[in-house]
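Heads up, the thing below is written out as structure tokens.
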Amino acid sequence: MSNVAGLFNYWVVIFLMMAGFFVVISQGNLVKKIIGLSLFQASAFILYISIGHVSGGEVPIYVEGSNLYSNPLPHVLILTAIVVSVSTTAVGLAIIIRIKETYNTVEEDEIQIIDNRKDDEDEPVEEEHPAEQKEDQS
Amino acid sequence: MSVVDHLPILIIIIPLIAAPLCVLFDSAKVSWLLALAACIFSFIGSIKLLNTITASGPISYSLGGWQPPWGIEYRLDLLSIILLLLLTSIASLVVLFARYSVEQEISKNRIVPFYATLLLAIAGLSGICISGDVFNLFVFLEISSIASYTLISLGKDRRALNAAFKYLVMGTIGATFILIGIGFLYMQTGTLNMQDLSERLPSLYDNRTIRAGFAFLTVGICLKLALFPLHLWLPNAYAYAPSVVSAFLAATATKVAVYMLLRFLLTVFDFNFSLNTMPLDVILIALGSVAIVSSSLVAIFQVNLKRLLAYSSIAQLGYISLSIGLASKLGIASAIIHLFNHALMKGALFLALGAMIYKVGGAELKHCQGMLKRMPLTSLAIIIGGLSLIGIPGTAGFISKWYMINASLEAGLWPLALLILFGSLLAIIYVWKMVEAITLQPSTSTATAPLTRDEAPLTMLVPIWALVIANIYYGINTELTVSLAQRAANILVGGY
Amino acid sequence: MELSITLMLALLLVPLTVAIALPFFNSSPNLREAVTLFGSIVLLICAAMLYQTIDFDNPPQLILAIPLPNYPILFSPDPLGIMFSLLVSTLWPITSLYAIGYIRQHKELNQTRFYCFFALSIAVTQAIALSGNMLTLFIFYEMLTLATFPLVTHAGSKQAKQAGRLYLGILMGTSIMFLLLATIWSANIAGTLAFQADGIFPADTDPFLLNILLLLFVFGTAKAALMPFHHWLPAAMVAPVPVSALLHAVAVVKAGVFTLLKVVIYLFGIDNISLLPAADFLAYLAGFTIVAASLIALKQDNIKARLAYSTIGQLSYIILGAMLATSSSIMGSSMHIVTHAFGKITLFFCAGAILLATHKTRVSELNGIGKQIPITLCCFTLAALSTIGLPPFAGMWSKWWLVQGTIESGQLILTASLLISSLLNLIYLLEIPLRAFFFQQSTTPLTFKEPLSPHLLAIGTTTLLCLLLFLKPDVLYHLINLIDKGL
Amino acid sequence: MDIALLAMLCVTAIAAIRIRDLFAVTMLFGIYSFLTATFFLSLDAIDVAFTEAAVGAGITTVLMLATLRLTGRYERKPKHNIFIPLIVVSITGAALVYGTLDAPLLGDPNAPAQQHVSPRYIEESPKEIGIPNMVTSVLASYRGYDTLGETFVIFCAGLAVIIILGIQDSGEVHPGRSAIGDQLVLRVVVKVLLPFILLFALYVQLHGDYGAGGGFQAGIIFASGFILYDLVFGEGDARLIVPPNFLKRLAALGVLLYAGVGLYSLFNGKAFLDYSALSDNPTSAQHIGIFLVELGVGITVFSVALTIFFAFSGRAQITVKTDRRPPL
């Protein structure tokens, strides 16, 4: 029973992770994919922090007299991981914006259709990128 | 400590630092020179390290002066140095090639950040190959990944954006899986250092957490490796990225993923657990086989040569994972050999296509017409590269095939030998599609390209031909590749 | 010893140098062809000297590189190899002579490229002849395919493209799929690929495996054009005549059967071969090919195609002999490599000459052209007789030994197949001179259009050689006996 | 407490899956991050909680909103079936649960994770590093190299956004044209708040040794000060104060500062990032080292965060101005 109590926490976290994961692979909207990705990662972070948790332990900042602290290492790892995930999100969103501008949609399947259509055409795709050209002049 | 003792960190940190320097100077020319200098430095450094390692065994370097497992350790063994040599040499050549290709393909105001990002990608990948700490590996994996997403998104064709995004999503999922895997390992061992893990894990092989961790690491890495069902991100990413990027990534990125796989399967875990206790060997063989056949078949029907090569890359990764799945010293060795040789071929081919795009303006079959007359050297490079891809004797590809087939025969799995050969058969077809388009004169009515000679500039030809010659050299003299690979395999497989 | 090694190097390098040098003479055809001729003659001299100096008891060994530990790229000729090398070296100058006449009259495009790859193919063929282990042989076997590909597709026409695909597809496909597998497998079993008199396989090798290996080797060597892998040869006939003559009647196809002989004699050892059921099966398959090819040849109207099928049949003689693996059948096969070469190359030369003089490529059109080009057609007749195996021509010797081989091994069905095919040869080869001389055709003007030209010279030479080889087959016999001694 | 939190987390997650209004989803994500942060707090991870709040609820949400402004707020109903994803997810989930079956119970002080490496950090770091916040010690010293890598990740993200979106130079700005309209009250409030925000950022930067905080959080807050200013006082105003090209270089300087510390010790014969080269007294050496690298992190984070914001908002203006054909 205590066993279940002790693991229950993990299981909820797993549920959260999977919720995020599900959003990523099931949703067609790119923005939502990114949101799902962030959910997925954020939940994974909870898993780490749970690993480092020591019941009855202090926040890992040294104070006279106390000797039981939570494990600082997972905290450090997750600090790094959070930064990584926000960077990824930023890049992903930036790409989405450009996709919106060039495809004028952010729905996966529509983009797919456009791409396939373009496969048949023989024309080079430069004119898809007035942005590029303008900027070349600048 | 002399500078030489610091080489392990220097070969990583120099390209890393070069990136912000590019941004500071903010000049295309300077960035190019900086990048070139940094890569060449790392290359020379790696050669130096190779000598040290072959002479006196693995090197360990404690960062921040904190000895492992408390601090982060850099650990170089033969496998790492093979990868580093590959990375730095290819990187140097690619950057040398980049000069004009980038000027043409990438708008002015992006050239500087482009070089900076390329440097980060290079450093990130190198960092993966040298790190002895699983979490540090993750961090550098992310550096290289984010850099790669960006570089791919720079492609002129808008499909590059979509490809980059796909890659970003898949890659991040993979990374998160790896993160979870690492978490599980940490949960049961309390350490992140590879050596430390390898000492502590054997007693825990029956532990379900460890097994789950193993599974997540493998899946995560296979996503990066584009192993068959997880390969969907690769073709477009390589096809629509700027030429330089395709060349660099095709030659190195997936190879580093293979490195990670080997590192985790054989160093962090050990041979018997990974490939005997766990059913991974069967899975690798099965997926590898499917990858070889299916991707080669798809490759045959491509008209965009970069896409064709991308699919061929997936097939080649199939060969590699299949050889690993053979679960024998010879198998691992041949995987490493092919890893090395395939980088050479694909590097050469993609660079050659880059030169072609630079001059002709595209890499589709229709652009090939009259290539032989127009850019003979480039065409010849493509032909030789293609032959190497097939595995014609006298090229590096033949050596790979020889060892992989030997390995599968040794394992008593002659059907696999047949399969590998069948793969080369398909390779003949798709390679010959290119060669025919390039060599045979088009019926003059359809000849679009002027048949005046118009060869790519020297800074492009030199790297291309350096790789072509490497393809032939390592097809005839295999002392370096084979002996190193076999030694590395012995170390990895260890007791077995 | 030292000298013979230098000579071996020369055999490889002379044609190679020619190939590399030729592009620089692109501007002046005369100089270019002079270089070719000169090179070919030098090659002939070197080959002859090698034959003189070589000591077969401890043959010279030349290691170029060691791509795989203990599988070097090794050159170390045996009598068979020397024979092959001599053969090619003899025919190259003659063919060049012929080519000069032919190519110019025929106004081929990209002549330099043509001569260049021609010389390259010769170099590779020499390498095959001299190769000292299976790896080397395999490597250059593949190279030969690649070196000859540009010649096959020389015309650049759609048809040539198709032919090229078939050529490459069958030759490279089989060699990679089967030959390479067989080679690696053998290496895996025996731990060596060096050619040894009594085979390399340890006595305890699973016979079943040996059977498989033999099949792989034979089917992997599509250059030997054993059915069902023979289609590439007729297809390759789109190439210019000199190519069909030297490469697709001699160098390439003979490289195929040469490989098989090497495999049978020096990898398996004839004692083992005769024990393998696979060998019998293959012998019968060869017998079938012999008859079938002759029958198909009968139906061909295009001269070159007819000759091509005749070649397929003749090649199977050699395979048959190899698979019977009796001493006399082996001798017959080895000999047939040479004798058939002279006969067939002459026939092709003549076909080319006919094309040049009368622009006719079909047998049915040849009625009454005998008056226009009598010399050519006489030579054709003589060569045909040699190919059929009638005295007084070289062809007879080899056939003799082969028939003997079949009888020795009591395979009377195979004996029959040999005789039947000889009969068919008689019919389909002699039809041509018959039509030319005796069928009249009112339309054809009776003008003599056969000026003395280089290619006529070539035809004459080869015809004479056919005769000579019957009268003074010393060199041939010397080598043949050496091979026999080796068995 | 935990149970309640977890329950709320689940609710938010499920809601995020079901709702099609992306604006709402983004808001939910922000809430989710806040809840996570709170949960981290309850697990004694204050630094992480702080960061998660600043990043997840702060930056990420802002970026997502900026994106939605361009890509439209509503998601189309996905046509493709969700069957396969469901299978994949359940398999993965099952694997994870399987993994936890042998896991040490939550909070078990004798769990292996608590045994091997971390005790050294807990027991020694106050002495050998000389600062109470163990997280900072590990972050900036024991595993300082990871943090260097992390900083490069941020730098890389900055470059990435510059490459993908490009940033407007000051020429493009429209002082006074505010994103949220002209609102006097807000302006006053911000004017009053801004100094405090910036001060607080500095405090966080310096206080990292003793309490929660450090370069990363400080950088974010500092940047958010500017972002707030930019939002309220019109797009581009902030750009006049800190022009993007300057920011780019600033970011570069930040990482260089960090890496420079490493190289300094390297060229003084110590290992890379071995702070003991910085001073004879080991603990003060650590102090200096940590201060410098945290400063580096702070600078980079600040400039990159601001760059990214500029890039996104800049994109927004153009896209609003010219119909989806922006010069980069």
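Letters A, B, C and D mark the chains in the order given here, with residues in each chain numbered from 1 onward.
Methods note: a contact is a pair of C-beta atoms (placed from the backbone, for glycine too) under 8 Å apart; a residue touches a chain by one contact, two chains touch by 3 or more.
No experiment lies behind these values; they were computed from the predicted model shown.
Both chain A and chain B are touched by D. Most remote chain with respect to chain A, judged by CA-atom centres, is C.
For the pair chain A and chain C, the distance between C-alpha centroids works out to 67 Å.
Averaged C-alpha coordinates give centres for chain B and chain C that are 44 Å from one another.
Distance between chain centres (mean CA atoms), chain B to chain D: 31 Å.
Between the Cα centres of chain C and chain D there is a gap of 75 Å. Across the assembly, chain D contributes 96, 100-101, 103, 111, 113-114, 117-118, 121, 143, 146, 149-150, 153, 156-157, 160, 164, 166, 328 as residues in contact with two or more other chains. Shared interface positions of chain B, i.e. residues touching 2 or more other chains, are given as 107, 109, 135, 139, 142, 146, 149-150, 153, 180, 186-187, 192.
Annotation for chain A: residues touching 2 or more other chains are 17, 21, 25, 30, 51, 73-74, 77, 80, 84, 87-88, 91, 95-96, 98, 132, 135, 138. Because contacts link the chains in a way that matches no line, ring, star or complete pattern, their graph is best described as other. Going by the touch rule set out above, the chain pairs that meet are A-B, A-D, B-C, B-D.
On the chain A side of its complex with chain B, the touching residues are 17, 21, 24-25, 30, 33, 37, 40-41, 44, 47-48, 51, 73-74, 77, 80-81, 84-85, 87-88, 91-92, 95-96, 98-99, 102-103, 111, 115, 118, 122, 124-126, 128-129, 132, 135-136, 138. Residues 387, 390-394, 398-399, 401-402, 405-406, 409-410, 414, 417-418, 421-422, 424-425, 428, 432, 436, 439-441, 443, 475-478, 482 of chain B are the ones touching chain C in the complex. Residues of chain D that touch chain B in their complex: 95-96, 98-104, 111-118, 120-121, 141-146, 149-150, 152-153, 155-157, 159-160, 162-164, 166, 245, 248-249, 251-253, 255-256, 259, 262-263, 265-266, 269-276, 328. Partner chain A is touched in their complex by these residues of chain B: 107-109, 135, 139, 142, 145-146, 149-150, 153, 156-159, 161-162, 164-165, 168-169, 172-173, 175-176, 179-180, 183, 186-187, 192, 361-362, 366.
Listed in rising order, the residues of chain D touching chain A in the complex are 2, 6, 9-10, 13-14, 16-17, 22, 25-26, 29, 32-33, 36, 39-40, 43-48, 51-52, 55-56, 59-60, 63-64, 66-68, 70-72, 75-76, 78-80, 82, 85-86, 88-90, 92-93, 96-97, 100-101, 103, 105-109, 111, 113-114, 117-118, 121-122, 125-126, 132-135, 137-139, 143, 146-147, 149-150, 153-154, 156-157, 160-161, 164-166, 210-211, 216, 308, 311-312, 315, 319, 324-328.
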